[in-house]
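We call the chains A, B and C, going by the order they appear; numbering starts again at 1 in every chain.
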Amino acid sequence: MAQKEQSSGSIFTDLDDGSTDEEVNKWQRTFRLWRETLRDHWSKLTDELSVKLSMLTVAGFMLIAIFAPYIATHQPLQRQYQGEAGVLIDKWVEPSLLGADSEYLLGTTAEGFDIFSQLVYGTRAALMVGLIAAVFTAGIGTLVGLVAGYYGGKVDDALMRLVDFLYGMPLLPTVIVLVAVMGPNLWNIIFALIVLQWRSTARVIRSQSLSLRERPFVKAAEVAGASDWHIISRHLAPNVLPMTFLYGSFGIAWAILAEAGVSFIGLGDPNTVSWGTMLQASRAYSALSFGAWWWFVPPGICIGLLVISGFLIGRGYEEITNPKLQ
Amino acid sequence: MSQLEVEDLEVYYETEDGPAQAVDGVSFELEQGENLGIVGESGCGKTTLAKAIIGILPDAGYINNGSINFKGDDLTEMPDPQRRRLKWEEISMIAQSAMNSLDPVYTIREQIVEAIETHRPGTGRVESDEIVTEMFELVGLDPERADDYPHQFSGGMRQRAMIAMALALEPSLMLADEPTTALDVIMQDQILKRISSIQEEINSSMLVITHDVSVVAETCDRVIVMYAGKVAEEGPVEEIFDKPYHPYTIGLKRAFPNIRKTNQDLLSISGYPPELIDPPQGCRFAERCPMATDRCREEEPEAHYKNGLRSYCHYADEIDVELRPYADEPGTWNRAAAASDGGVEQ
Amino acid sequence: MGKASFVVRRTLQLVVTLWAVGTVLFGLFRLMPGDPTSYVVSSQMTQEARRQLIESYGLNDPLHIQYIRFLENLVVLNFGQSFHSNQPVTDIIATYLPNTLVLMLTAFVIAYAIGITLGVLSGWYRGSRFERSTVITALTARSVPTFYVGLIVLWIFGATFGVIPMSGMTSLGTGGANTGFFDMVFSMDFVRHLIAPAAVLAFYYMGYPLLIMRSSMLEVLSEDFIDVCRAKGLKERTIMFKHAARNALLPIITAAAIALGYAVGGSVLIETVFAWPGIGREMVRAVLRRDFPVAQGTFIVLATTIIFLNFLADLAYGYLDPRVTYD
């Protein structure tokens, strides 16, 4: 129609970084290719308002996590005592935000911990779990998917059998059992999540990889004698990248929800405060019946905000991978 | 009175940057039993024109102005229920034979019967099946296969199934949208011949929308050449192919291989069609035209009548001298894109 | 290669996966720290009695013997006896599984009926405010933890307004050892207990089919045959349901079967919040108290359900989409 026929959002294009062979070495070219791909995504992503807001939200939480000691009013797991004498535990205090005469913004728990500080420090646990789990699940999944899809045959069979097996294990129960075996500890929770969650990324990337493999530009590269690694890193990987990031973003969301669930059951890390452990504690002490909603309502809202941001960013990538949805 | 009279039709699409003027003032007439081809490169508006006539413009598309008169009634002013009654019964469509032009989860028979039932309710199983069989035989398909699913048919068979479905209600007007694009040359020939003979039998008219000039040459009585939403030239097929009077048509001719002059190089017209959102002021083709002058860039050309053709070029009268002798030189068509002010150079 | 060999191959895969899961399970539970015998054996017991008990549970035998015995038992569905209550695990499963199923299926049916319909409509009316708000709601429903929604619902409707019961499946005093399952299910008391957890679950489940149906609709609506349907003069409603939705539905069927599998695994949380006596909650309790046999048995049931549903999903898709060939 207009001046130039814009390749209508098909992600399956062999991107050209416009350099000649002589000038620049292989690694630099691969790097440049990736950088260009990422830049292209970024502009498409940030076009969408919901994605912009989500990124701001995540950035906001990250700032809170980093500057937690300056934002929180107390230590999250430090029992607060009344007055100078420090004998009576300051528990079940109502929030000053609601007008109560107290020094605690969101009140205290049944054990005398400051809820606001717990909320603030909880961002650290959430982001740690979310980001680490996401990076590994997306990373491992993509790697496995690329290899299985590209090499096909026995390699593909073996890897997909493994994935099939992983799909047979119910997510939450397995994580629960693993954490019970390894001990209730944030790192174990993250590890348990990673062990299972890469399965979905692997499947999807594999099928993309399979179809990409048959594309003329890949066949051409093979005929030209390009090495496997070259083809995978230069031709396949940049094209599956949107999908990887999609699953990475979703991965953040799933991981945070899973950690909340595991903590809620009682297998959370007893030495770290997370929004999930807050919810568990509130239930253990029947905050519900006492109407101390300021204890259990805020953590859930925080979880919801961070998780929906993950989903919205992922959906932003969905538009890149599937132009028909635009 | 002609069967179809399109007058000054303007069909626009809403876009973020403003309305895209896909069809911008197109007029033509079609007589009963006539075949009219509409050719042009992609984006010229021919598909939008077709969709407007059939009544399947997408949500973003709308008729800004003009009329489409079918047997005396203006389709643009018709209320929806009435329009829907006309669809398929009077005006049907032969879509491309692409894999998904037929619903993949229903059999061919079911889809044809659906058309019959919608417009002639109470037709009954037996009679519907008879129509299906008749149509299949007409297009050269084995009626036993009517209960197959679309994916079980080959490309050529699917195209024929589409034709069978389009004919089922014996419409007065058929619109064929790129009827042979997905087919190989031999199949193309067969299909075209079939369509022609069926048409003669039921005396229906046909609009053939295509970018493939050879299809038009085979099947049509008259042709419209469209460019950037407007009619460039219109007239009987033989005259247009023999001696066109619009620079664009002349250029198009040279872009297709001539079987008699096998040594000729193909020429392409360099440059690209203009933006439809903010189209240029004067003649749409001015930018790529070897004969373009300042007048061309400012004033839209009116219809000139030469050789039985209706041509929209200021210099239609001069074409015999200024352009036709040089039409075979590649330089002619390249210079236009590079030229700053117009004027024909020797 | 036809349907028959496809089914056979998938069935074999099913069996192999089940075996793999069982084996991993075996390994995991044996690795769990904490002495299970301490739950079984009371400190009052003599050394001798304790040793006898341990022997009878076979906890002293070498690992591979335990493994073989485990596999043998698995095949005949003998999951052993609970360390905690001495009841046969199969009995325990039989008691709690139906409760989970009732809850899950009720929520599922509601969720999918609503979700699919809303998905069709939001796909059809793309760009409208209706579509935008349904999508946001669906996303929010999936972003907030189910147990959190459960907590809020319990707080507002239970603690504050007293409209719903605070926990459990039945009230104290109703039912009893002799009430049959179906009698219980159809009682008003049961329904009162079911509403809240089922609603909370349905709210969560609904998002997935809604979003998938919507994307599927968008894909289908861009296909050529939709144009042909319009050209044929079919009514909008006919096109939306008979053609667009019918095609868009295909991926949902498999997605639904798979989602049901996940739902079973996720039942853990909701059952805990509402103290619903289901198999998920039972599994967690068993894990926390190191009651191996129960934990194992319940886990296997959950895993089998998922694997089996995935298997059904595979078969269902092949049946529904005439284009699928069996290779």
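Brief remarks on what is shown
In this text, contacts are C-beta pairs under 8 Å (C-beta built on N, C-alpha and C of every residue); 3 or more make two chains touch, one makes a residue touch a chain.
These figures come from a predicted structure and were not determined experimentally.
Each chain gets a centre from the mean of its Cα atoms; the one farthest from the centre of subunit C is B. Closest to the middle of the protein, by Cα centroid, lies chain A. Once the centre of each chain is set as its mean CA position, subunit A and subunit C turn out to be 24 Å apart. Each chain gets one centre point, the mean of its Cα atoms, and the points for subunit B and subunit C are 55 Å apart. With centres defined as mean CA coordinates, subunit B is found 51 Å away from subunit A.
Note for the complex: subunit B touches subunit C at residues 51, 54-56, 84-89, 92-93, 95-96, 98, 100-105, 114-115, 118-119, 149, 151.
Residues 161, 164-165, 167-173, 176-178, 180-181, 183, 253, 257, 260-261, 264-267, 279, 282-283, 288-289, 291, 293, 296-297, 299-300, 303-305, 307-308, 311-312, 315, 318, 322, 324-325 of subunit A are the ones touching subunit C in the complex.
For subunit C in complex with subunit A, the touching residues are 13, 16-18, 20-21, 24-25, 28-29, 31-33, 139-140, 142-145, 147-148, 151-152, 154-155, 158-160, 166, 215, 218-219, 222, 261-262, 264-266, 268-269, 272-273, 280, 283-284, 287-288, 295, 299, 302-303, 306-307, 310. In the complex of the two chains, the subunit C residues touching subunit B come out as 223-225, 227-235, 243, 246-247, 250, 321-323.
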